[in-house]
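Some structures are shown below for you to check.
Shared chain: chain A. Partners: chain B in the first complex, chain C in the second.
This part shows the complex of A and B:
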């Protein structure tokens, strides 16, 4: 009989930590051939159009960057929370909270110049997302309510709050569609490159990557969140106010997710809509894990999934493989990455006896 | 409008709707209870329910048999639970992330397969769902009859499953094994219980129940598959497990509470209040959170929940 034992191993060198997600991505792309073949797609053609659709032309590349902006924000949001073992699975709801705040500000203050309105919109979206994440953080720290369940359920609460607003006070007058009026021009993100949708939210996302890297590496809060994540009781014993740390983590995490929502309203749609987010909050979980919870890792993995999401549309149009292949790939990637992480911490020994 | 609430027909309808809406939650809650009692949190529940909903629907439409649909939904739930067992039990990966991985993967797969099978028709295909089964004599009792005893067979089955699950967990040798594995796997191992196998079988049994809970939404109380057909009911079930303190009877009570809120919001919508219907839709989720706040301080989680069992790492 063969026995499989899992044994803890010494920490891997740094290059391995970069290699592991790359290997996970390659394995995912190989395994993605199964659903593509089942769907009757020609493999080479499918993969060709997947990458052509995302990177084949100037416009496609810029679209991939556009798509990566919300994914970087939600990825950072989830990564920052998971680092402290605050299970924020509510980035989707926090994104919507940010979007609602941005819309409300964006339609309420005509005549205010952009250099004032844009910072207000950003701050408002950040605070709204952060506040929505603070609710489960407070419930967790003060009343011991499980954060997984509350963050998840609050997604549905926020989704229906948005629905109620879009069929109520935020609905465009005279319209029967669940859609807000257009935000004023001063609240729109400037388009930075001609003949594209490449808006201010993209450099903002990269700045956020740097800020998060700085917080993690160079600030007391970064050290504290890590300590809380590794062992909350030890952190508490060591004199860290863990309640405050979790609350700050939630505010930053939710705020980042909120900024994803601001970007979708002010950079892309200019209206609030029911299907504003095709699950960016949930994709953030995959992105955070594939990025090893590291801001730079998040940036790369967000870009990879952006390629998949944008490319899947072209691939689907040309080969007929359902566009949901991108969701399947995201789920597969998370599971495979999880297995890959195991190899960084454990050795698998197969012994015959 | 307000007077309508106190009409007999409204009350009968509300009780009936409560029991109907509670059924998928009862199935999923019982499934999650047996899983967590063995020490595994299965966050794959939402995706497993969606796969159950999709699989049950397609199996029914291809075979023409509703019961075959239920069977296939249970089957897909078991397969996905096996995947969860591989990741979280045998590889010992984070139960949180494994479960979320299963949910994301299953959600994508459900939509992928549905689109593959049906293309994108302008009108979603429908099936002829189960008919309610009126129980002779009992269904003739005023108020109670039409609300309690004119339900779907699966609803009756869910009622039978509640005490059965309690019996299994508390009164049988298997139940004792499951609970020990969830409380103290090292002790269980010492007395010769196969910890990982027990956990796997609990996951698989739970997965079957979750799959059936999902199928209830597409082929019993409903006749089509929509992407948001499960709509967070898996997460609600996880909440109900905590609300019921891992007890089948109390968990089912929680499910009934959600069913009541869900039924109530449907009925209130029907009365034509002049507010957006989304305000009603959020009531069950909001009150589930509030119910959770009420019980969480006294919640007694299975001691070994979230902890993978590795014999070599005792006390680690």
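This part shows the complex of A and C:
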């Protein structure tokens, strides 16, 4: 008779913390073969065009970077919140709040030069996203309302606020589409590389990775958020103002998500549209988990996700496998990563007798 | 007894965790109808040895015989099938279910599609009557006290026809009265031919309950004694390998000005009832005031309100004559209060963070540990390394996660954090609960040193010996009030005991 037992294992060395997400990704790609085959795709051809579409040409690589910008921002937003056990499922709504603010500023101040308007747009988007995240943070700290529920539901509230604005005050005059007027040129992110959409939001995302790593590692706020996340009762006992820490966490988290929205408006669309975000806020949750809540991990997992999303379009065009395969792969990546995280703390022991 | 065949025989048991040898070639036997104590400090290997017997850990070496038959226990289920039951320190009950449901879980008799609750209930009541474990099988477990929950655990084992019962530090969570009841039950068990292993590091309890005592130290057996042929002093020696100072070296000091004044303090408990009622108490400089009492008489609420983590409904607390802001831990710290919480892991420590991150918890904003919001890690390392040395904290380094430390060393981390700022008031709530003799002695010495330095100390403890050893003055809390007060020279244990049971003189 064989018995299988799950037992706690000793803490893993650091290299394993890096190896595990990599293994999770490889396993994901292997398992993704099943739905690809079911969809009737030729396996090798499908994978070839998946990676060719994402990394095969200069333009494709730059498009993958373009895609990674909002994903890095929402991934960082979720990772920073989760670290303090503020369960922010609301990056999507905060992204839209940032996008609305950026649009409003972007169409309201013609004639203001870019070096003034761009910082204002960025700040405005950050504050709007942060303020929208502060609502559930206040509900959590003051009234003990569950943050998972409030952050999630506020996404729909913001979506409908955006709808009301796009059919109302923010609608392009003379248009019947839910679409805002184009923002002024000074509010648009500069394009940094010719013949591409590689805009300023991409380096900004990588700078945000560094800033967040620095906050976590070196600052008092980083220490306090970690303490609150690990044991809020002990943090409170130790004199940390836990309410203030959760609020600050929410402001930064929501602000980062807001910047994702600013980037989509000012870097890509130049208008506010109903389908501005294909769920970047929700992808951020998966990316944060896959990245082990570490800013650098988030950077790599966001890049992996953009490879899948961008590559899946080429793959779909050429092999006929539906483009939705990219969402299947994203979902698989999350589940496999969660299983992998389990195995970082536990191991299976098979006993024969 | 030597002629009898043992019911359990463990030969050369070896168990290794990573690089720590928890059990090194231990021989252990248990006979029918006896209570055998496993005595040893925390980390001596007692619980590990019994977890091996309970099939919870796989053996790394050695053999186990039960009733003469060699067995291979690969899970607790195997052990239960062989008649071995174990009750851990932390209970494994489902609070929202009834006593009966908890007892029959996994061992229920089925009657067609349904469970036979009726006959199961009758059996539980019968067992309860036989062994003095009277519990209504229909009440929900969450409504029971800790002592009653332990009874349910014992019933659960008996329901499975266990005849060897292992109890891991069963008295740690019990009030004195409940301990007496537990001991009655254990005696009833052995009278009916069952065998009990009693794991403990409390010498007086071991002397009282057991027929035989096996002393463990550092993963090995150091001695085996019949209880009738030994005494507390010898056991203590065997356990720690040195004499315990029964009387600490304490100077006589004249208490100075009041440093902590509690005036008409009232505090509510979780249920919204007054747990502390208009309490008045003064602690002076150079004085230790022991607050004795049976647990649940408002000590937890009193300490939490002083710590600032529970807001009192009325009353004033002053430190050095200045009012302390209510319900604000930071204010308590700033006023010079050193606070040792009774629940170190839940309230006192960040177990997933490093030792140094725990040490600087309360003053990470001060002492140059930060500048412009940036942490100064060099200063933090220096400061922590010094405290680790000063307080003899056993850790592989200041950057090691707190959760890898033993209980005694965790308490030293708290002590280092709370006392390094030279507080004028120290509130120590159950400071040695669950600690081994070595750590306990160290903490007692430290508290006395603090008193000699000039702190006023409020020692809240259920351990009467501790209160008597350390205090200059003893007060007794009963139902949220101070029912009696005596100087430690004039107090008798009998009088304190009467007060603890609510009898006013």
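As a convention for this text, the second predicted complex is superposed on the first by the 347 of 353 C-alpha atoms of A that agree within 3 Å, B and C clash if a C-alpha of one lies under 4 Å from a C-alpha of the other, contacts with A are read in each partner's own complex, and residues count from 1 in each chain.
Note that a contact is a pair of C-beta atoms (placed from the backbone, for glycine too) under 8 Å apart; a residue touches a chain by one contact, two chains touch by 3 or more.
Because the structure is predicted, anything quoted here is derived from the model rather than measured.
Overlaying the two complexes via chain A brings chain B and chain C into a clash.
Set against each other, chain B and chain C touch different numbers of residues in chain A, with B touching more.
When the two complexes are overlaid on their common chain A, residue A:338 makes contact with chain B while staying clear of chain C. Contacts of A:241 after superposition: chain C is touched, whereas chain B is not reached. Of the two partner chains, chain B is the only one that A:160 touches; chain C does not reach it. Of the two partner chains placed by the overlay, only chain C lies in contact with A:233; chain B stays clear of it.
Of the two partner chains placed by superposition, only chain C is touched by A:221; chain B is not.
In the overlay built on chain A, none of the stretches 23-31, 131-139 or 185-193 of chain B clash with chain C except 185-193. The contact surfaces that chain B and chain C form on chain A in the two complexes overlap at residues 5.
Residues of chain A touching chain B in their complex: 4-8, 35, 38-39, 87, 89, 139, 143-146, 148-150, 152-157, 160-165, 167-168, 282, 285-286, 289, 322-332, 334-335, 338-339, 341-342.
Across the interface of their complex, chain C is touched by residues 3, 5, 10-11, 218-224, 226-227, 230-231, 233-241, 349, 351, 353 of chain A.
Chain C meets chain A in the complex at residues 18, 58, 72, 74-75, 307-309, 329-330, 332-334, 339, 341, 346-353, 357, 361-362, 364-365, 370, 373-375, 401.
Those residues of chain B that touch chain A in the complex are listed here as 43, 47, 83, 87, 90-94, 96-98, 100-109, 111-112, 115-116, 231-232, 235-236, 238-239, 242, 275-279, 281-282, 285-286, 288-289, 292-293, 296-297, 299, 310, 312-313.
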